[in-house]
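Below are two complexes that have subunit A in common, paired first with subunit B and then with subunit C.
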Partner chain A sequence: MSDINANVLATEAAETIEDLAESASGLFNDVDRDRVVRYGSYLAMALVFVSLVGMAVGLDGRQILFWINPDVYVNHPDGQGLSLGDVALWMWPLLLGWAATNEVVLEGMQARVRGVSDLVTGFLVGALGGLGISFLTFLMSVDREINPENGVPAYGARDPLVNWNEQLYIMLTFNRGWTFALWAWPLLAGLLAMVGASFRVMSDPIRKAITAALISVLSVSVFQFLVDDLLEGVGETIADPGRISNFFESDPSLGRPRVDSAFDPLIDFLYAKTGGLRLEGVILVAVVAAALSLVASYLVRGRVKQARQAYFDRPLAERTRSSALLMVGVALALLIVPFFTGSIINELLANVGIFLLLALGLNIVVGLAGILDLGYVAFFAVGGYTTAVLTSAGRGESWPSWVPLLVDEGEPVVGGWLIALVLVMVFAGLTGLLIGAPVIRMRGDYLAIVTLGFGEIIRLLFLSDWLKGYFGGAQGITNIEGADFGPIGTVTGVEPRSVFYLVAVFAAIAIYVSWRLERSRLGRAWMAIREDESVAEAMGINTVNMKLMAFVVGAVLASFAGAIFSAKVGSIFPTSFLILVSIIILVVVIVGGMGNIMGVIAGSLVLIGVLGGPKQPGLLQEFSEYKLLIYGVLLVWMMLQRPEGLVPNVRRSRELHQEEFLQDAWLKGEVDTDDEGDDVATEVAPA
Partner chain B sequence: MSERILDIQNLSVTFGGLHALKDLNFHVDEGEIVGVIGPNGAGKTTFFNMISGMVTPTSGDILFEGESLIGLDPNQVTQRGISRTFQNVRLFANMTILENVMVSQHCRTKQGVWGALFNTPAFKKEEAEIRAHAEKVLGFFGTRLIGYRLEQPASVLSYANRRRLEIARAMATSPRLLLLDEPVAGMNPKESAELTGLIGKLRSEWGFTIVMIEHDMNVVRDVSDRVVCLDHGETLAQGSFDEVSNDPEVIEAYLGRPLEKQK
Partner chain C sequence: MTTAVRAKGAPRTGVDWFLLVMRVGLIAFIVIGLLGFVAQQIDPTNAWATWRHGDEGAARLSWAQFQGLVVTGLSQGAMYGLIALGYSMVYGVLGFINFAHGEVFMIAAFTGFIMSTKFDQAGWWDSGAFIPAMLFTIVVATIVATIVAVVMERVAYRPLRGSPRLIPLITSIGVSFFLQNAVILLFGPGAKGYAPFPDWLDKDRINIWQIGESDTGVPEYLLSVENKKLLVIVVAAISMAGLWYFVERTKTGKAMRAVAEDKEIASLMGIDVDRTIVTTFAVGGAMAGIAGILWGILFKSVIATTGFLPGIKAFTAAVVGGVGNLGGAMAGGVSLGGAEALAPLMVLDPWGIEGPSQLRDAVVFTLLILVLLVKPTGLFGERLSSEDRA
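On to the complex of A and B.
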């Protein structure tokens, strides 16, 4: 009896296993193995790289959200939530799981039905990537030796690999030893990648809702400082409207009695005292974002597209007018923001403004005229030093007495900065001519290299012992007075809000200048030069003069930024004008969208505001160590995926995507075909 | 005989050891249409490049309205009143059709930074004039390049229309002498016949003197007053179309030497 039973059971079991294997092999047959291996290796490389570069451990100190609230369980033994370091690791499986299941759907072809095989692909990619970390922890455990005397572990490979240390080991093994990591990482990464891949399987509104929730939670937690600051400022104003009246007198964040903000309960609900979103905050933000997104997808569905189409069907003049209106609206909104934010955010905005001013100037040179200037910082330096020499009692002693010093017994002269500004413009223009005249005859790469050299020459001149009596050498010039505008107030670095408004005025001037020049005879000539320099010359454009003019206009705009910079910081040194500044401004222009003013604004907000300038901290201060790494990665990625920038210039993206553009135009019937004489005369515009 | 607008004397240019042009003597009279023919590599385009200042001759002189053009930059040559088109259409592909024609009036206009920034009355007036002139020039080609096309990028144009736009762009510089480098290349017979008519109008209505490089012998025959044949940088023959086309040396250059003569 029992034998037969056992036999039946055995056969049944065997059959079940066979069935399972069959369906499993069916699943695996749908999976593109090459793709899994490729993306899995990308993932492994990314994870190991992020770990070894120190990002994971370095950012681990910043808790961004909790799933076990710290005010309930103090020092919970397990990880209480997610740190920025965790996010730096966990985002990769999510992203690559999503990327690995991407499929290009060609026009007129049926898209494959998404299903379980996508999830399997995602999981396999993640698991393969996770093995990268497993292997890393295994290697670390082999190298790990515990000092028998004090029990402190030491690592042999620590010497070349700075971040090969106990902290990384603990983080990657969840403090449970490498055998745990061996299976935990492939599983965790696999699941995450599967989640990433599942975005392909979901229906549209659900995917949007989940994405909205994810992004909102991430940004509300990562940008806690900004949200906190804004809510507090607005809340305090609601609680005490009288605050508005004395805004111009002093910075409310300095020595002002703190008013209980109307939003204090909300802030306490969202964020933990130690920083980071509380669990309830996470749920609140996610639910609100998802709900809004769902409402939007069901109510708005299709209408955005319609509105967009309707907008583009309008005549060009009308569109220009409405985008100008939009720009004014955004500008006004930006002008109000500093009223509600504390000095740190205002400082950040002031930095964004200075770099925006620089980027707008470079945009004329690179974006409009197509001159790749890698030494742009030179004009920033000339502006800064000229202002310093004219408005600092601490300038070098070698200056003859007829060089005016616009300082009155340790106090800035009213309007002195404006007088200095006129001279700054003159000197920057002259420097532009002086550098430009020999350089501008060159084209392309040669020009880029020579400008690079000139940028360094200017900095080295300011640094040199030879001119130490004038510019102070490495000690620079200190005690630069702020810009005193008499009754309106004084702009100094102590009050970032005032700097912000000064910068805003000049950014507005720069935007106006770029906007006018682009639509003039000069702008057309620059465009023609960018398109084909020899033909432009043959069509009667004096290319040397025109390029020189772009160079000088750019130089003057950069010198404005320099003048504001030195009034703001109060002291300048040659190290403020490293070649890195040129490169970062160029990256801002490229990432934002070359040749487009809105793009440049977006670029400086995103890069300088969030990541920070060459020396200026951004919103993500934790990232300052990896700022250049991120800049570089971003630049490479942009060049590969979206060379026209975040907010592209129509013309520029046409240049870069000529073929796609022509295909689109052909589909819309806008490309004309070679005609057959007379019937063209009756040709009318396509409706 | 009317006034000589272009006079080329003993013009030579060598690239390395290669004589691209050798002792070329050539002249164009005011109001003439001259066709330049010759097999591939004969030096026709080099000849144009030299007149328009893109290549500096090794020796010889180019006189335009009695003044030498040697040493002038291409933009200065255009300023003097010589404009050209290119054999391999070189439009500003991503600028609109209107902009292509507006930008080539650069050397005839003068508003600078100041006018652009403050939108002065003079600036507005000049912009309006530039635009009006551009539309007038584009209107020369019928409805092909105007209307909704004005705001379209040049890259969407058909090949024939690109050729037309190139001519329009050259016309907009208000030249006295127009150099057309293979204006009908790539056009079908109907289109080239139409363009032949337009080339005639360029002289009769716009008063341009024209030098034209062309391979299409029908066009050359229909429109040229005089034909010059170049080969290996040397002038083989000059004169009326019939004279040149019956010249044994020209036939030889195009078709090759009969077998018995080769010894």
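On to the complex of A and C.
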């Protein structure tokens, strides 16, 4: 009996083991090896690149959150929290683990059930990528030589590679030597990538909740400055409502005694004194965000879609009215914000506004008319220099006396800036015609490079000794007076809030003008030219005049930005008008969404506000060294993945994805390509 | 055909009149400048010169200065020509301006810098081993440039095949931005000096036919060329000849020309279009790589922004010579280099413009505008497929 039992047990056990082995091998069979190798190498390259360009070490100084309560461990050594540098490394396994398990669901095909194999794929991708860093640390340890005299390590490859240094070595090895990094990095990256891949396995509401928690913790910690500033401002106003006084009055944060804010306890609860979210803060933010997201997914599920559908079912006029109302609401909210923020945030908002104005102008030229103008900064420069010449006592001495100087004994003249603005418009328009006329009939790419040339010519002329008597050469023009509006106040760079309001007025004008133009005969002509110039011409559009109009409108908007810029900064130099500026504005327009006003606004808020302009710091001041690199990567990535931008223009994205649209329509049987089309469509796509 | 030139028989519009005035004005400016230059060479205090320069009149240009400028212009022009070949070939085959080509050139110059300092540390650079070290440097820089160009094509441009024209152009701006800033972050933002070259290359000159002596007793020659400039011109000429042979005489070159003419038909003829395009990028990258080392020899230092302006100038050279036309690219490069070196003193100075050499880059761009206004197909004509002319 017992023998039989034992036999049965043995066979059962053998079967179980076999099953297990089978399922384990099945697990690995489900993993797409090519994909693992491909994404793993991408990850390794990304990690090594981020380390070697110095992002990891450079951002390591900014602690953004703590695992352990920093108040308990006051002198926190490394490893008790997460720095921005850690995030710069850790985000890649997460993202690539997620990307590696992406699968295109084909129309009419059964989607594969997600499971453990996804997690395994994620882990393998991460481990392979982590090996990249292990290898890097190994190379570094080989290259590392400790000076026997003072014990300071030196690196041979430090000579060309500036970031190949001890700090990087310590950071990558967690100060435990390369043998630790050898297994720690594949493990860490593997786990992170597995977490990334696990997002594919989770159910929808849970995934949303975790994503919400992650993103909120990250943004609350990374944008600590903004949150802090806003909470403080609002709190102070609640504690002392009389604080909001005059429209253009100087910032209360400047020179006024600090009032205890009503939100001080919250700020102290969230953030550590040394900067960074405290553990309790992390938990609070994560829990609140996750709870909100869960509530949203259970309560609102499906209703958003319905509401959207209902909205789009309404007649166009009604929709336009409601979106206009929404815009006005958002604008009003934006107008109130500067009352609660300190001067740094207001300065930032003013910069965003100036670039928004530029981007709106370029959006008309590139987005609507399809003219790739790479010398757009020229109009900005013309606006700035014209204003400077008219409103600065420090302008060049060669100007004849009949050129008006709208300054009175070192004081700005009331309305002088507005008078200057009229001339600015005239000159910008003329420059637009001058630059536009020769290039207007060229091929798109020739046009790009010739406008770039014009932009450089104009900058070089402002810089040259030849015109030094007029524009001051490299020394530029200084002592530019602010814009004096008499009783309303004077706009100068000292009071960023006033600049913000001035910019806001012009941005509003620009938005209104672009919005009206887009729906006008002129705007439709531009779009027709963008889509096909020959056809547009055949339809009776005077393409030359229309394109010139685009140039002129764009030029005038940029010159407004220039006029505000010179009043804000108070001095103007040729180095403010490098080609770089043109390209950054182009990135803003493209990333935001070419041809879409909301997109351009979003683009300038996200890029200029967060990363910063060519010389202006953004919210993430730590990134100022890396922002141009990020701009480059963003431009390429957007062009490859989403050429229509973050907030796409419907018509333009249809143009860009014409083939896909046609294919979809064909699959759904909406288009009769030919007689057989219907039959094929019904076969391929079962309703 | 969309160019600055009015179609035959079309009525003149306001824009046409404006362009006519612009053309006539620019040409008149140049011609008057040149005449003024001739006049001030003959008599520095002639009426024009005293009007433009004040009573002391203009400064005369000596023969030594003049021929020095010509040689400088030629050597830089040869370098531009080498870079321009890459632009020209890519434009001929794919029909877009590869903005990032200038960065390939810069990366080659950077590789040269790294190699030269490492060789210098190893003690090879200023010893008898200089020539093999230099040759090795050239080979490595060329290979690196080729790899960068090929990877760039694979990652950024191949997925965009068949998208609207401006998309690859914008992408290439992004690639250029990325490469430039990656180099700044990897190797630091400062200018990097090459290890000093031996005197026979850097300082010695070849002098031909003494024609007299200057006031201080320095002999003046009909032709006095620094060895490095001569080397640059010779290397550029050899590379050009090699490329010409490759494109015109080999099977791969024939495939390249076929793809440039018509991709679809070429693929029907059994040509692997993708591979041919990669070859085009590789060859263009190799030429830029050689040009990068030549830059190092000429200027002895490199900075991450080195690639941008020479890149645009090289594109200008390609346009001046006629895009898609290889001989034209080289000739365009040489004429552009010459114009850049000579025009400030021969055109701008007679007009009394102060600091004319500051406006050197402006001269290049004005030349580009002028060529596109007067003869948009370039001096030697374009060789493009019909779809690229749209």
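What we mean here is this: the second predicted complex is superposed on the first by the 632 of 687 C-alpha atoms of A that agree within 3 Å, B and C clash if a C-alpha of one lies under 4 Å from a C-alpha of the other, contacts with A are read in each partner's own complex, and residues count from 1 in each chain.
We adopt the following convention: a contact is a pair of C-beta atoms (placed from the backbone, for glycine too) under 8 Å apart; a residue touches a chain by one contact, two chains touch by 3 or more.
As the structure is a prediction and not an experimental result, all values here were calculated from the model.
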**Message:** I'd like to know which partner A:E655 touches here: subunit B for first, subunit C for second, both or neither.
**Reply:** both
**Asked** Just subunit B (first), just subunit C (second), both, or neither: which does A:G61 touch?
**Response** neither
**Asked** Looking at the overlay, does A:L640 come into contact with subunit B only (first), subunit C only (second), both, or neither?
**Response** second
**Asked** Counting only touches as set out at the top, which of subunit B and subunit C does A:G370 meet: first, second, both, neither?
**Response** second
**Prompt:** First (subunit B), second (subunit C), both or neither: which does A:P265 touch?
**Reply:** neither
**Request:** Classify the contacts of A:G115 with the two partner chains as first (subunit B alone), second (subunit C alone), both, or neither.
**Result:** neither
**Message:** Taking the superposition on A as described, I'd like to know which of subunit B and subunit C A:G177 touches: first, second, both or neither.
**Reply:** neither
**Request:** Kindly classify A:P438 by the partners it touches after superposition: subunit B alone (first), subunit C alone (second), both, or neither?
**Result:** second
**Fill in**
The chain contacting more residues of subunit A, comparing subunit B with subunit C, is C
**Request:** Share the list of subunit A residues that count as touching for subunit B in one structure and for subunit C in the other.
**Result:** 655
**Item:** Complex contacts: residues of subunit A adjacent to subunit C
**Value:** 49, 52-55, 159-163, 370, 372, 374, 433, 437-446, 448-450, 452-454, 456-457, 460-461, 463-466, 468, 533, 544-545, 548, 579, 583, 586-587, 590, 625-626, 628-629, 631-636, 639-640, 643, 655-656
**Message:** Quick check: in the complex, which residue numbers of subunit B touch subunit A?
**Reply:** 52-54, 73-75, 78-79, 83-84, 86, 90, 92-95, 99, 102-104, 106-109, 111-113, 115-117, 119, 123, 126-127, 130, 142-144, 147-148, 151-153, 155-161, 169-170, 173, 187-188, 190-191, 194
**Item:** List of subunit A residues in touch with subunit B within their complex
**Value:** 316, 512-513, 516-517, 519-525, 527-528, 531-532, 534-543, 549, 553, 651, 654-655, 658, 661-662, 665, 670-677, 680-681, 683, 685-686
**Asked** Contact residues on subunit C for subunit A in the complex?
**Response** 2-5, 13, 15, 18-19, 22, 96-97, 113-114, 117-118, 156, 159-160, 163-171, 173-182, 185-188, 308, 312, 315-316, 319, 353-356, 358-359, 361-362, 364-366, 368-369, 372-373, 376, 389-390
